[in-house]
Amino acid sequence: MSMVDVSRKPEAFREATATGSICLRKTTVKRIKEGEIEKGDVFTVAKIAGISAAKKTSELLPLCHPLPLTNVDVQVKVKDESTITAEATVKTIAKTGVEMEALVAVSTALLTVWDMTKQYEKDEAGQYPHTVIEEIHVIHKEKQEGKH
Amino acid sequence: MSMVDVSRKPEAFREATATGSICLRKTTVKRIKEGEIEKGDVFTVAKIAGISAAKKTSELLPLCHPLPLTNVDVQVKVKDESTITAEATVKTIAKTGVEMEALVAVSTALLTVWDMTKQYEKDEAGQYPHTVIEEIHVIHKEKQEGKH
Amino acid sequence: MSMVDVSRKPEAFREATATGSICLRKTTVKRIKEGEIEKGDVFTVAKIAGISAAKKTSELLPLCHPLPLTNVDVQVKVKDESTITAEATVKTIAKTGVEMEALVAVSTALLTVWDMTKQYEKDEAGQYPHTVIEEIHVIHKEKQEGKH
Amino acid sequence: MSMVDVSRKPEAFREATATGSICLRKTTVKRIKEGEIEKGDVFTVAKIAGISAAKKTSELLPLCHPLPLTNVDVQVKVKDESTITAEATVKTIAKTGVEMEALVAVSTALLTVWDMTKQYEKDEAGQYPHTVIEEIHVIHKEKQEGKH
Amino acid sequence: MSMVDVSRKPEAFREATATGSICLRKTTVKRIKEGEIEKGDVFTVAKIAGISAAKKTSELLPLCHPLPLTNVDVQVKVKDESTITAEATVKTIAKTGVEMEALVAVSTALLTVWDMTKQYEKDEAGQYPHTVIEEIHVIHKEKQEGKH
Amino acid sequence: MSMVDVSRKPEAFREATATGSICLRKTTVKRIKEGEIEKGDVFTVAKIAGISAAKKTSELLPLCHPLPLTNVDVQVKVKDESTITAEATVKTIAKTGVEMEALVAVSTALLTVWDMTKQYEKDEAGQYPHTVIEEIHVIHKEKQEGKH
């Protein structure tokens, strides 16, 4: 069991974008759009949670290297009447890529949406028959050597 | 924007189970089954990452309460020739539920599977056309008052 | 050098409220009021940072006990044309009080306001002649035994 | 809501110094000077807390970049019969400045002084009528390009 | 791979004491005794590092439960002309014991002694022929039911 | 009390290897060899704990600099019928060395072995008469300038 040894790899500009979505009840998405979520502004809290989590990636994933992220951008949007999407772009100048950081940001942003809308998603038995996080994947990954 | 005030809620035994899956190339799943992943034992590393992440839930999700978890169990399994599933059960005696902790454990276990199999999932352009995390949801949530 | 031993102290409902303020340029406060801060919604980001920091108090202050906070509420407001205030109320059922948690929340919320408005506060030499955090203090602290 | 993208900014030597103070009862300051604080050596504990907190800045402030700090120096001193001051200087070779790190170090050092002297500052009702943290500000910030 | 499920175990007062030592050059121990360590007061810094680490035990050891520690006491002393010892006592009211917390505190206190005396321990080739941490063990562990 | 200022030191390739051991009952070591430890795979869990801890070194040791580790490798092995050893090698390109990171990885790996085998090591009075961590030391440290 081991980390990849990146000691001798050259530093390069690295960028990765990931995305994913969460399906909620239509009434919950309506509430989000209308700013009627009691716990507060879902978009802003989810974005911050995503950014903060990206910076914790090497704590969460045992074999990830700690990287000096130069940018994390997280967008959280209403996609359709029952779906919220999160998209995260992470950048660094480093010896290895940042797709895991982008994926951690997306996952945590979506989990934060869930946490903020829990009370509207539970049924009378306290279960979540509708809520599901889906399609977390990497859209694009890029490396530019010798340009930073 | 605010946390829910649980000061006056009674403590109860709480349990929640969440699950989710990651789709990988069939050749990667075959490697996992045969123990041919260069970074190490995917199941054990993903389980530990899930357990450790559950304990960090209140750091990751801004409005979550810190809870004294009494058990976290994470199972990671081959579901079919292109899918690995993670399932997490979290328990506590506390004033609020642990479904977010179970969801964080599942998400992090699946992200760890991704991180450990990255090299087999990338195409020649360094992209991930096949890899996707899916269907993260809560299977069951339970509260038992006055029994602990 | 030692922590206070609270092993034999009874659990009680504990609440503490702290406040403090940050003086900014009038043009910066005007921008905040008008939602013209490039980095985003100062109030929401500062509140979240304050709540998250309260949960980290025992990591930041070496002799503080880890406590199961049951509520953290942070308010960030424009006080006058050159001042933003933060106020935090923290609650727990525990063996020791939460005034340090409230103070950490206030300090971190105010530091976040600074971080988000840096670009408008610096003079042409890159210095901060106007910006200052002031009057961080505890407004009220309370203990109720045997009521939780 | 977003971090500043510093990917293309050049690395430079960065230094920032911040300061602030805490007003305590004269009898408490006298105790500090005479080494009569039951919880231990206030100066050393506050310095360490400040240094450790500076290293956590990007965890505490959501939009801060993680930076490889090359030095953190914190001084805690008696200023006059009712005031203790903290001063922190932080250095790095990085793409962005370290004033927030210096401010976090100062704030945390002062909060640690408070935590260590709580028992002498409370009145008989358990309140803090005298204790206040004041004047946290940046004294100086500096950037030297091309010299490291 | 799993944590022990302590959900149904009764809470009890728990206490554990661990100890260990570090062998240093005699000239280094002499410096410590005379307060001639350039990095500062070895005893106080090591104690604080031990206390802070005890609070992080469940982050460091994957299968440890998070516990609400009610006291952590760390003593660091000169044992003889080439040995420094650390002893840590940890207390809690919880469903499981705190010997791992005491061991983490001792280990981290001793590692901090090493870190603070590195410059005197290295030989001219930058190696550490003399320095060694030894005999980390649990002295005593105790549980008192129904007394808290 | 202060960190060493490494601002003006050149970056170099740094590597350090540390080792240590834990003495257990022969019956426990036999169980480990036969995969009969109820909590799971001791070797893998201890390795991951060691790697994760190395990444936390600057959080644990107050005067350590945060470093961008490029590799952490931890080996955990049966040495003889009553001894398990851990060995960690850490690499970076940085302004200061990584021996403390290697020592933290070894200590944490050994503490994890203890935590996973606790139930077999305790005597009927709940004490640990046999278990002891020993001989934690640096085997080798190296610096290569101008080669990365």
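The first chain written gets the first letter, and so on, giving A, B, C, D, E and F; residue counts start at 1 in each chain.
Convention: a contact is a pair of C-beta atoms (placed from the backbone, for glycine too) under 8 Å apart; a residue touches a chain by one contact, two chains touch by 3 or more.
Note that the structure is a prediction, hence the values are computed from the model and not measured.
A.B. asks: Let me check something: if the centre of a chain is the mean of its CA atoms, which chain is farthest from chain F?
C.D. replies: C
A.B. asks: Pick from B-E, A-B or C-D: which pair repeats the contacts of A-F, with over half of them the same residue pairs?
C.D. replies: Overlap exceeds half of the contact pairs only for B-E.
A.B. asks: Averaged over CA atoms, how far is the centre of chain C from the centre of chain F? Could you give it in whole Å?
C.D. replies: 37
A.B. asks: Chain B to chain C: how many Å between their CA centres?
C.D. replies: Their C-alpha centroids are separated by 32 Å.
A.B. asks: For chain A and chain C, let me know how many angstrom lie between their CA-based centres, rounded off.
C.D. replies: 26
A.B. asks: Multi-chain contacts in chain C: which residues touch at least two other chains?
C.D. replies: As it turns out, chain C has residues touching two or more other chains at 1-4, 40-41, 44-45, 47-49, 52, 56, 59, 62-63, 66, 68.
A.B. asks: Touch graph of the chains shown: is it line, ring, star, complete or other?
C.D. replies: Shape of the chain contacts: other, as it matches none of the listed patterns.
A.B. asks: Where on chain A is chain C touching in the complex?
C.D. replies: For chain A paired with chain C, touching residues are 40-41, 44-45, 47-49, 52.
A.B. asks: For a test of understanding, state which residues of chain E touch chain B in their complex under the given definition.
C.D. replies: 1-8, 58-59, 62-63, 65-68, 94-95
A.B. asks: Please name which positions on chain C make contact with chain B in the complex.
C.D. replies: Those in contact with chain B are residues 13, 44, 47-48, 51-52, 55-56, 66, 68-73, 91-93, 148.
A.B. asks: Under the touch definition given earlier, write down the residues of chain B that touch chain A in their complex.
C.D. replies: 1-4, 20, 39-41, 45, 48-49, 52-53, 56, 59-64, 97, 99-100, 103-104, 107-108, 111-112, 114-116, 118, 126-128, 131-138, 140-141, 143
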